[in-house]
Amino acid sequence: MYDLLWLVPTFPFLGFLILAIFGKKIGKKLSAVVGVGSIGLSALITILIGIQFLTNPPEGHAFVQTLWTWIAADDFKVNIAFHLDALSMVFAFVVTFVGFWIHLYSTEYMADDEGFSRFFAYMNLFVGAMLMLVMGDNLLLLYLGWEGVGLCSYLLIGFWYRDPANGYAARKAFIVTRVGDAAMAVGLFMLFYSFKSLNIQEILSVAPHVWSPGNKLAVASTLLLLGGAVGKSAQLPLQVWLPDAMAGPTPTSALIHAATMVTAGVYLIARMNGIYLLAPLSMTAVAIVGAATLLVAGFAGMAQTDIKRVLAYSTVSQIGYMFLALGVGAWSAGVFHFMIHAFFKALLFLAAGAIILAQHHEQNMFKMGGLAKALPVTFWTFLIGSASLAALPLITAGFYSKDAIIWYAWSGPNGSIYLWMAAVFGAMVTAFYTFRMVFVTFFGEQKMEISHYPTWRVHIPLIALAFFALFGGFIELPGTLGHLTLFSDFMKSALPVVEGGHHEVSLEIFSQVLTAVLALVSIFVAYYLYLKNMQIVTNFTSTKFGHGLQQFLLSGLGFDWLYERLFIRPYVWLSRTNKRDFIDFFYVFLPWLARQFHYLFKYTQTGKVRRYVVGIVFGVLVSITIVVIL
Amino acid sequence: MTGHDFLKLMPIIILAATPLIIMLAIAIKRNHLITAVLSVVGLFAALFAIPGAKYTNGDQVSNLFIIDQYALFYFALMFLATIVIIVPSFQYLELRFKGNREEYYLLLLTATFGSVGLAASNHFISFFLSLEILSVSLYALVAYLRHQNDGIEAGLKYLILAAVSSAFLLFGMSLVYSQVGSMQFKDVINFLSQNGNYNFISIAGVALMVVGFGFKLAVVPFHMWSPDVYQGAPAPVSAFIASVSKGGILALLFRFFAEFNIVQSRPLFTIFALIAVFSMFVGNFLALLQSNVKRLLAYSSIAHFGYILVAFIAGNAQQQFKGVEAATFYIVSYFITIIGAFMIIGLISNEEREGMEMSDYRGLYWRHPWLSVALSAMMFSLAGIPLTSGFIAKYYILASGISTKLWTLIIILIINSALGVYYYLRVTVEMFSNVDAEQKATLISPNVGILSGILLAVLTIALVWLGVYPTGLIGSIQAAMF
Amino acid sequence: MTLTFLFAWLILGGLLAWLAGRWNKEAPRWISLGFMIVHLIVSVRLWISFLTNKGLTLAQGEWFLMEKSPWIPQWGIQYFLAVDGLSILLIVLTSFLGLLAVACSWKGIQERVGFFFFNLLWILAGISGVFMALDLFLFYFFWEIMLIPLYFLIGIWGHSNRIYATIKFFIFTQASGLFMLISILALYFIHGSQTGHYTFDYVELLGTQVSPKIAFWLMLGFFLGFGVKLPAVPVHTWLPDAHTEAPTAGSVVLAGLVLKAGAYGFIRFLMPLFPQAGKEFAMVAMILGIIGIIYAAMVAFAQNDLKRLVAYTSVSHMGFVLLGVFAWNQLALQGAVMIILSHGLSTGALFILVGDIYDRLHTRDMDKLGGLWSVTPRLGGFGMVFALASLGLPGLANFVGEFLVLLGVYQVSVPIAALATLGFIASTIYSLWMIQKTFFGKNVNEWKMPDATPREISIYAALVVALLWLGLFPNTVLRTSRQALKNLQQITSQYFQGSKEATTNPSVEELNKSRSNYGGLE
Amino acid sequence: MIAISLNTGLIIASIMFFTGLIGVMIRKNIMFMLISIEIMLNAAGLAFVFAGAQHGQADGQIMFLFILTTAAAEVAVGLALIIQFYQNLKRSIPMLPII
């Protein structure tokens, strides 16, 4: 069964080719079939391989399938090969499974859009590129997938190309990720020259021998990889592009900017755990980046009015959690949270899509209201998703995955009390803005009538994802609540086991109880502020300080404003002033100089004979003086 | 005058006899065609006498002339050049001159005689006499179209300036003679190389003689006459001045300074170097924005003789690339180009005026493709672009310059040839730019006869042939050098 | 005999096209198309025969095919054509792009068609000559022959300001060529005085011992000659003018091939002839390369004329080649060759596209364009692919080259490689900007134009396939050029020791020991 | 038998030469220019005679004879041109200010 591994990425690429070339000709119906079918097939194969991987895993818990040698120059040899182990299994499963539901959903969401086949072509290309990324056997192939997904996010954000704002958002996304990719490329060079190969497994196995822990090169290369990860996963310095990426169609936001692409950074760090362990400094850096991002994104999420931007900021903050988990060394907890997050965040986005569809494409939450009764299925699935996001204790999967991270933030090998406090506070803020969103959109009186009632193609994906958002968490229970570690045993083969928990069990209970209580409290506060009497909020924001704070948070804590002044304006000004390429002035000066000489000598050609005789005499005088002098 | 000398001088004698025969013919019946044919036949006879002169040994013919391989090579070159010039002159005179045209050929032949005399002279007297014969016949030739004043003015201007420069030349010669005691070039040069540096009067004399050379070659301080004379003179005569007259003087210059190593004597080296540098710069800069094609060619010939002087200064240090070989190759390629160019100017003219202005050549590509191909080939050869003999010539000069490490001169030569490219390209640009309607009326439509057509084709093919496969000419030049 | 055929065939084709042009308009097109197809077949067959038989393992100084006959014996000049891996690749590129240039000027050129194709084919003849000539004089001869037809091409069929552009281009290349000629001659004399045998034969001239001071000046002469053609930054300003005014075919040939002559010159002549001077100058040249990349990218971003923008992008890409050549190790050189090929394809494609847009809308001003995707989705699609190729998207050809160059440069100096990677970002900015301004956004001026015709689609499809093939299967190309580049490094091995070990990593045995116990993966 | 030394002779000749030269440069009338040219040529001839006398050879004087003849030829052609020039003026053919 393993030999069919190469089919998994090939189907989406095939789908892309068919749709790109024959898209217009085969009409919407057929392109839908091709688009969804290719992802469905690839999901099917992934699941089959997954089952076989669980039942009788390949020797060494890893299977490699080499297709052909990609580049072979001097001692640099890279081939197109797929590496399947537990980690890539999880990612591949999530990408294809969640991807399939989103494709099914978007057949209806994009039904009346004239770029229908183009949309599915891009989506298939994205899934293909993401699979290359997660299953790449060497870092260059990973880089190929990395840039491929960056490209698809650019194409899909700018999908409605008629509006230049979408174009701007798309370019912003691609360029910011490209900044990260440049850093990552330098990291790749560094790795190549330390290990003479870019093959991931080889690097991980040879690393401990080549580098002593804390080695300068290890720290540098891991930090550079972190730079790449930060760019792609929209973490702190480079997180400005994700909120604007909401300009794309909602299924795109669901698939790319929630479930899969943005977690590519998590995959990279998890995959390269070997060298990260050798550089504790970078581990703490990852943790700090994660913690800071989750706080910044959380605060920003509180003040958003557009439903999709709230979800965007919540995605940034949840990935912050994953980075935090990886930073403290809780590898499998981070990946587990990735999986769970993929489910409920995709669910939330799809539901939000359904809401937007139903509200004449209105995205401002405060213009909606009272949809609970009008769209029951959407409401309940949205509620489950939000509960899971807010980590409602015991019942939602989100609780288990986030709680594990919060606990390891303290007890993990690299954890510290401050990280724990940041994580807890972050959880509280998450709960607040999530339920603020729920109350504002679904409760209160209905301001707009429903323009479009979602059909089965919307409901089934929502329900499926809701199921996982609820029950996905039970495969990994924390020590205090039944200690079921199905997921981490599965991940043992790929990721180092976390020897956390050297603190007593009582501390663990204390942190779980504390987070649960704080979550509930903030839900109540959200209920009180945004449902009971909105007045408090409105008159707070009317005060000068309140309004300033709201604008500050709304703009994502002013990063955009800062980057605009720091990078964009100088670059644009510098290139605009140099439009005529000042080096050219020198080459324009030369002919001018020649022309001046021309006019200078022109005086000698007066046409008068007597002037010419003077010329001759002048010549004689000069030669005589030369003879005298020399 | 032994029989052997007689055989040696046969080419010059035949050349001298031809004008006499023509005078007799004119006396019998004044016919333009017969005169032209007679002069061509005379020139061919002189040409065929050259092999005879070559294989009789003994070069010195009386102490005035020396007919060695070098002189005979230049004889052949000048005879051919004059033959080629006669064809367009014939057509030009038919078109533009109503008076009696036969005397033109007399003057032309005497001028060639003077120039040939220069190439063979070995003595001050023969040098001066040949120079004067050449100059006087040129005065009349320049002013031949006597019903128009610009020709006469050019003639007068040329006369006065030539007279002044030959006065300087003579005065220089007298100073040199006063020190050396003999007028033979050999003795003069031996005297100079032994005690040149401290005998002030002899060096001053040579410096004054340089004025004579400089004027005839139209190099910088003495160049001012050439644009006006080229413009005023009829096109074939300008061709003659630019080629044969300068060729003769150059041959003499090289013979005079053959054994004398220029680089050693500081004053002469500085003078010639300055002249070369300024000729290149002034020639190119003045030609840059010139809209009159004849004046443009005049300035470009100033620049080209600046390049040749670089080869002259390089001298004969390097046995592989002798300066004189480079200069001779350059002269041959220059002859072909300049005569061809002036011939085309001659063809593009009607009764009132010659096609001198740049605008007369607008859109020539689409009106007369073959004529414009010829002119472009000539322009590219002047610019020194490969596939033309101009490139090989420039390469030859560069090689001789580099072999004697004249780095500054070489760099200046490079810069100038880049400058030169500009105005040669402007001519080709003019030719392939589109003609707008109303301007079409004023254009002169060239009437290219069969003979001049063939001649042009021969010249262009020779140009390209020397550019692609120059071994033949290089071989004969290397054989002819002393 | 095939080598002489390769360039003589095109000269013959040019003449035939011109003669045919006097009778009817269509004949020259078909003639030149036919000649180019034959040329492509011959060069591809040459490449295949190179790959199949022992061509891959030529020892140093051995050539796969060689033709030598005396030309001007007095000066030791021979008609010496020879081909190794590197030249074959470039000749195939010449014939491929030449064919596309002929195809893309099918409708664009209406008046004086015969003379147009005469010039086009003679440029290609000059270029294929440059890639084969191994006698320095013959190399210079072809180097200059390329100029005249291009001068006519731009001068006659160019756009509004063509005269200024074509004269500027001509003088730039002519002057720099002359400086190169001085260096060639000086080398010729030094070799002659040392060995007594005056020759321009490249193989013989390789060994000449030149004193470092003089060698530096000679190397500078060559650098100027090739730098102007490359174009390296300080002397690049002729390229944008020449491109904006050239007809489409002229731009394709200019960007695709004429620039490559400069790059080829660097690899073949500059470093092997003056290795020591090259090594000393390497750092300066690399800094120039970086300035080239960043500076040109920024200027490109500011342009509003589409063709001028693409012209500056090729200046930026050629900055990478400069880096690769002066890093002078196997990786960087392989990368430089890859960039040469992929840049030829991607920029050639962009120019054809811009030419097609210009033929339809008669404007290249990006401010007027916009929203073309809705009018012509196919053109938009292809434009997107070519823009992505030019920004170096992995999977397409440019990335492989740029990655290898940076890898090679990293080994020589880390800061330069890091700075050069900024080039990735800068190239993204201008490529996306170009796409946004032409294809996306609202169709403000309601452009109505027909979508790509089958002829155009076949050209674009050929280019896309070529770009993908080079991007995903670059090994055939890398294999072809590997031995040739190894030989070149062999020549300069005295000054450039092989790939230097990275700074701090351990000795080699330890590495092998650890790798052996893992039993290496592939 | 040489009364005058070479240097004095040369000085006389050069004085004469430069007077002629200045004459050409200053005078506006073309006839006078021809006269000054004659003076210059004779001065050169004189220098030759002195040089010849210095070495006791006849070459200098022979040279002077040649100089005389050629100077005469030049002036003759010059006068012919001037006459033709003024004839054209009578037929009012425009004149370029060359003097």
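General observations
By letter and in written order, the chains are A, B, C and D; residue numbering begins at 1 in each of them.
The rule is short, and it goes like this: contacts are C-beta pairs under 8 Å (C-beta built on N, C-alpha and C of every residue); 3 or more make two chains touch, one makes a residue touch a chain.
Please read all numbers here as calculations on a predicted model, not as lab measurements.
More C-beta pairs touch across one of A-D and B-D than the other; that pair is B-D.
Chain C has the Cα centre that lies closest to the mean of all protein Cα atoms in view. Put simply, the C-alpha centre of chain C and that of chain D have 67 angstrom between them.
Per-chain CA centroids place chain A at a distance of 98 Å from chain D.
As a whole-number value, the distance joining the C-alpha centres of chain B and chain D reads 26 Å.
Distance from the chain A centre to the chain B centre is 79 Å, each centre being the mean of its Cα atoms. Multi-chain contact residues of chain B (touching two or more other chains): 156-157, 160, 164, 228, 422. Counting partner chains per residue, chain D has residues 21, 24, 33, 96, 98 touching two or more of them. With touch defined as above, residues shared between interfaces to two or more other chains in chain A number as follows: 607, 609, 613. With chains as nodes and touching pairs as edges, the resulting graph is of another kind, matching none of line, ring, star or complete. Pairs of chains meeting the touch criterion are A-B, A-C, A-D, B-C, B-D. Taken together, the chain C residues at the contact with chain A in this complex read 168, 172, 233-234, 236-238, 240, 298-299, 301-303, 329-331, 334-335, 371, 373-374, 377, 381, 388, 393-395, 399-400, 403-404, 406-407, 410-411, 417-418, 421-422, 424-425, 428-429, 432-433, 436, 439-442, 472-475, 478-479, 482, 499, 502, 504-506, 510-511, 514-515, 518, 520-522.
Interface residues of chain C, counted against chain B in their complex, comprise 71-75, 112, 140-141, 144-145, 147-148, 151-152, 155-156, 163, 166-167, 170-171, 174-175, 178-179, 181-182, 185-186, 188-189, 192, 198.
Touching chain D in their complex are the following residues of chain A: 607-610, 613-614, 617. Residue ranges of chain B in contact with chain A, taken from their complex: 156-157, 160-161, 164-165, 168, 200, 203-204, 207-208, 210-211, 214-215, 220-222, 224-225, 227-228, 266-267, 270-271, 274, 281-282, 285-286, 288-289, 419, 422.
The touching residues of chain A, counted against chain B in their complex, run 591, 594-595, 597-598, 600-602, 604-605, 607, 609, 611-613, 615-616, 618-620, 622-624, 626-630.
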